Amino acid sequence: MRKTKPIRSDIAWSTPDRITVRGKDMASEILGHMNLGDMAFLQLTGKGPTPEQSRVFNAMLITLVEHGITPSAIVARMTYAGAPESLQAAVAAGLCGLGTVFVGSTEGAARMLYEAVQAAADTSDLERVASATVDAFRARKEIVPGIGHPYHKPVDPRAPRLFEIAAENGMAGRYTTLMSLIARQAEAKSGKPLPVNATGAIGAICCEFGFPWKVVRGFGVMARAIGLVGHILEESQQPMAMEILWRTEEEAARHLRPTSASADGVTS
Amino acid sequence: MRKTKPIRSDIAWSTPDRITVRGKDMASEILGHMNLGDMAFLQLTGKGPTPEQSRVFNAMLITLVEHGITPSAIVARMTYAGAPESLQAAVAAGLCGLGTVFVGSTEGAARMLYEAVQAAADTSDLERVASATVDAFRARKEIVPGIGHPYHKPVDPRAPRLFEIAAENGMAGRYTTLMSLIARQAEAKSGKPLPVNATGAIGAICCEFGFPWKVVRGFGVMARAIGLVGHILEESQQPMAMEILWRTEEEAARHLRPTSASADGVTS
Amino acid sequence: MRKTKPIRSDIAWSTPDRITVRGKDMASEILGHMNLGDMAFLQLTGKGPTPEQSRVFNAMLITLVEHGITPSAIVARMTYAGAPESLQAAVAAGLCGLGTVFVGSTEGAARMLYEAVQAAADTSDLERVASATVDAFRARKEIVPGIGHPYHKPVDPRAPRLFEIAAENGMAGRYTTLMSLIARQAEAKSGKPLPVNATGAIGAICCEFGFPWKVVRGFGVMARAIGLVGHILEESQQPMAMEILWRTEEEAARHLRPTSASADGVTS
Amino acid sequence: MRKTKPIRSDIAWSTPDRITVRGKDMASEILGHMNLGDMAFLQLTGKGPTPEQSRVFNAMLITLVEHGITPSAIVARMTYAGAPESLQAAVAAGLCGLGTVFVGSTEGAARMLYEAVQAAADTSDLERVASATVDAFRARKEIVPGIGHPYHKPVDPRAPRLFEIAAENGMAGRYTTLMSLIARQAEAKSGKPLPVNATGAIGAICCEFGFPWKVVRGFGVMARAIGLVGHILEESQQPMAMEILWRTEEEAARHLRPTSASADGVTS
């Protein structure tokens, strides 16, 4: 017979007259005293942020809220068009695609930085750690995460600003330095401009906070949930989902029936 | 032949050296100047909040982040147990159930308040509007949304605190007043204690902001996404999902095979 | 103290050497003896289908598997593009939009037929029931579900074929008759061609089976899950998701920056 | 300026009077002529199955429909409890967890078999290929996928039945043989009983069909969608979701407040 294990959660509990989250009283210690980013910090770490941590953590999350017309925005809008009574499912659908391709480089940058420092015999020489890290990625023919950007050239404007905010709040450290050095080494070894991008900056800042790299993806998920509600609200007022659908099926229909002169109609 | 319609979004755009969200430059006007709740406000309304709006809006969202062991928390944890490589899908699964049963009363309260004011011949007499509203719900044998709580008795501690924050910031108005009056009328007509609960307070505050009631559910969705990342992080360190599963299937197995003396095993 | 309720499921159970679903032994009574549609019937009704039920039920489900380029297909493909390691989440995202707009009319047709028969004083005169039903929809200015099609004109070829299969297998009855009569009445009263479409035929057949209208949507969901795996497989070999994304964001960018001569780039 | 690429899909198309899927006319060639498993085969491969393929493919999918009380069943039921108006989102949530932990071994078995054959210098000696494969897994301290079962002992009854059906239909071949040899080698090398389980049998049969291993997970997803609709229907009639929730939060509350004598109930 299987031995039953206890079920417990240390995040929150309630009595009839109190709700406590991470040891803080919701009514008297949280509401009116914290902003939403601070609450996220409390929820994840069990502690309220210092003012410096609050500024850096809020900036990091804000960076991930909105990226314009992304796959997740289109997915949320199309899902909402089919099930407007289930706004929550439209956000959920939009989040499902935040996997290795689009948010992977944030996670990948954090993982690279942690592993580089752990593997290093001597972490006082970060220049050498950076060089070895870039060499290892190049030897495996893998892309170094967190550097370069196909559109934001020569510099992704979010990255230096995030590093500036980290520095102003005493949160620039070995990981932000190492990320910058890795970018410089990659530029030298490849001969291409490859500055730190937003995902590299965020990955490095996550390391400064000490967040496990496996949860880094969660920051993109929570921030993007906010952005997607904005896209759904706009879709309800100024829709694009059905127009995208119609254009797509019209073109797909043309390719399938090239000889049909009257093929101006549409599937459904 | 169908006439093509333009596709446009007014939320964000980019040039190689700038990212602009709702008309504000990400690097110089948003990062370091706003908190995450403010960014959500900007994303949804197109404008940054005033300091007063910022305090009320952040408090409202924070209230919805964490409610302990909820269905959505269990769902996210169980999904993560099966697909730990897809943290985003675990959050998505948890959000899918934020429908009419659990977050419906926030939406329902906002809708009730808007419709009560629109239907009223004379909105100067809110006491009468409240009485008519309660009568109409009672005549339809529907539950008045936003009042009473099965556990937080006599008072849901979040509601008076949210109203206090609204009042301190000049955002108490006809909707917060009407919500309180509706609760009082419902208590008088039913003879039961039915104070405004957290969802009633949030619904009323959404009306003060002027948010369409159809987007009110979105606030619960974005806030809960934050809470779920916290539960997933805890599940990765102190799991409960498989224990819940095993207990459930053990009990279900006992009901199906009552005569089997050796039925101590489990399906899978 | 809350009284614990039992947890039980009557769908399936296992012993070390047997798996039983709905009372049938998986190895000796199900595998090799049933097709997938029959298994779906067993899972939902607790009984294996008769040969006639098997033919009709399989045909009904098959109709819903594939509809070309639909919102759910685009959503599944875009989600897969972002998270190719989570095929299951791509299918899930595609299913999230099967709500009131696109699969609603199947559910709506079944509900209409059940309610029309329940409300009728005399169900021997189905012509009169049909007339009253259409009048009621017209009075409420609601669209009669299950009739007409914007593209498949004059007749949706799936509907007469499904009715033919039902008739050949002794499953045409009062509901399929009523559906046809409703279409004829709607045509007479509106002066427009409004033959029964695929969703009307499916709704009527669901009523002949006696399925509750609330589960009718589930047939579309299970069938479309099959179709979406097909689209994801094609996306992995012949992708369209990123091309749709790029075109959409390019056009959205043009609308936002009409004066910028060099605006040929795009965000990501 | 980016060069536009064509958008096309070869799965299905329509004209006003015809719907064609994979080159077959829906009304005259598919409906009434195929079962749901055959349609899935057509959708994925572009060809209708032979009678032999039909029997094996249907059996394989049926095996994956229902596994009793699984995490995905609980997730679907809990999501439905919160959003009963969105049945599709409840199925979607249940599918999200079909990741590496629970359906991974089917995919893993198929991949192992393909890679073992590709890597083998001489595929005529499958015994040697099996031995080398098991050695490689043991050297990497990885679990060999597709063999052994914690509950179905000594034999998972689905596996020999699936292999029997494959053999009866001329679809037993090098991959089913290799899977059996791998199980025997693993038993010999480990000294433990490790017969082929259902996921090993399915993985091997997928290889006999020639399906890419990356789509193998899709068979579990489409089959389980059917099973989940069955669980949701039962939940609507004989619920368990809220009972699971209440028990879980009651226990979690006890662990958090061990000294509170009156802590006998909790909500949220």
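Chains here go by letter, A, B, C and D, matching the order in which they are written, and residues are numbered from 1 within each.
Basically, a residue touches a chain if its C-beta (ideal position, glycine included) is under 8 Å from a C-beta of that chain, and two chains touch if they have at least 3 such contacts.
From a predicted model like this one, the values you see are computed outputs, not experimental measurements.
Student: Taking each chain's centre as the mean of its Cα atoms, which chain lies farthest from subunit D?
Tutor: The most remote chain is B.
Student: Can you check which chain pair, B-C or A-B, has more C-beta pairs in contact?
Tutor: Spelling it out, more C-beta pairs touch across A-B than across the other pair.
Student: Please tell me the distance, in whole Å, between the geometric centres of subunit B and subunit D computed from their C-alpha atoms.
Tutor: Centre separation, subunit B to subunit D: 35 Å.
Student: Hey, how far is the Cα centre of subunit A from the one of subunit B, in Å?
Tutor: 23
Student: Using Cα averages as centroids, what's the distance between subunit B and subunit C in whole Å?
Tutor: 30
Student: In subunit B, what residues contact two or more other chains?
Tutor: Residue numbers touching two or more other chains: 7-10, 12-14, 16, 19, 67-69, 83, 85-86, 88-89, 92-93, 96-99, 151-152, 240, 244, 247-248, 252, 265-268.
Student: Mind pulling up the subunit D residues that touch subunit B in the complex?
Tutor: Listed in rising order, the residues of subunit D that touch subunit B are 67-72, 74-75, 78-86, 89-90, 92-94, 96-102, 149-151, 240-241, 244-245, 247-249, 252, 265-268.
Student: In the complex, go through subunit A and note every residue touching subunit B.
Tutor: So the residues of subunit A in touch with subunit B come to 1-2, 4-14, 16-19, 21, 26-28, 30-32, 34-40, 43-44, 54-55, 58-59, 61-63, 65-69, 73, 86-89, 91-93, 95-99, 103, 151-153, 155, 157-158, 160-162, 164-165, 168, 212, 214-215, 217-223, 225-227, 229-234, 236, 238, 240, 243-244, 246-247, 250, 264, 266.
Student: With touch defined as at the start, can you tell me which subunit C residues reach subunit B in the complex?
Tutor: Answer in residue numbers: 6-10, 12-16, 83, 85-86, 88-89, 92-93, 96, 248, 251-253, 255-257, 260, 263, 265-267.
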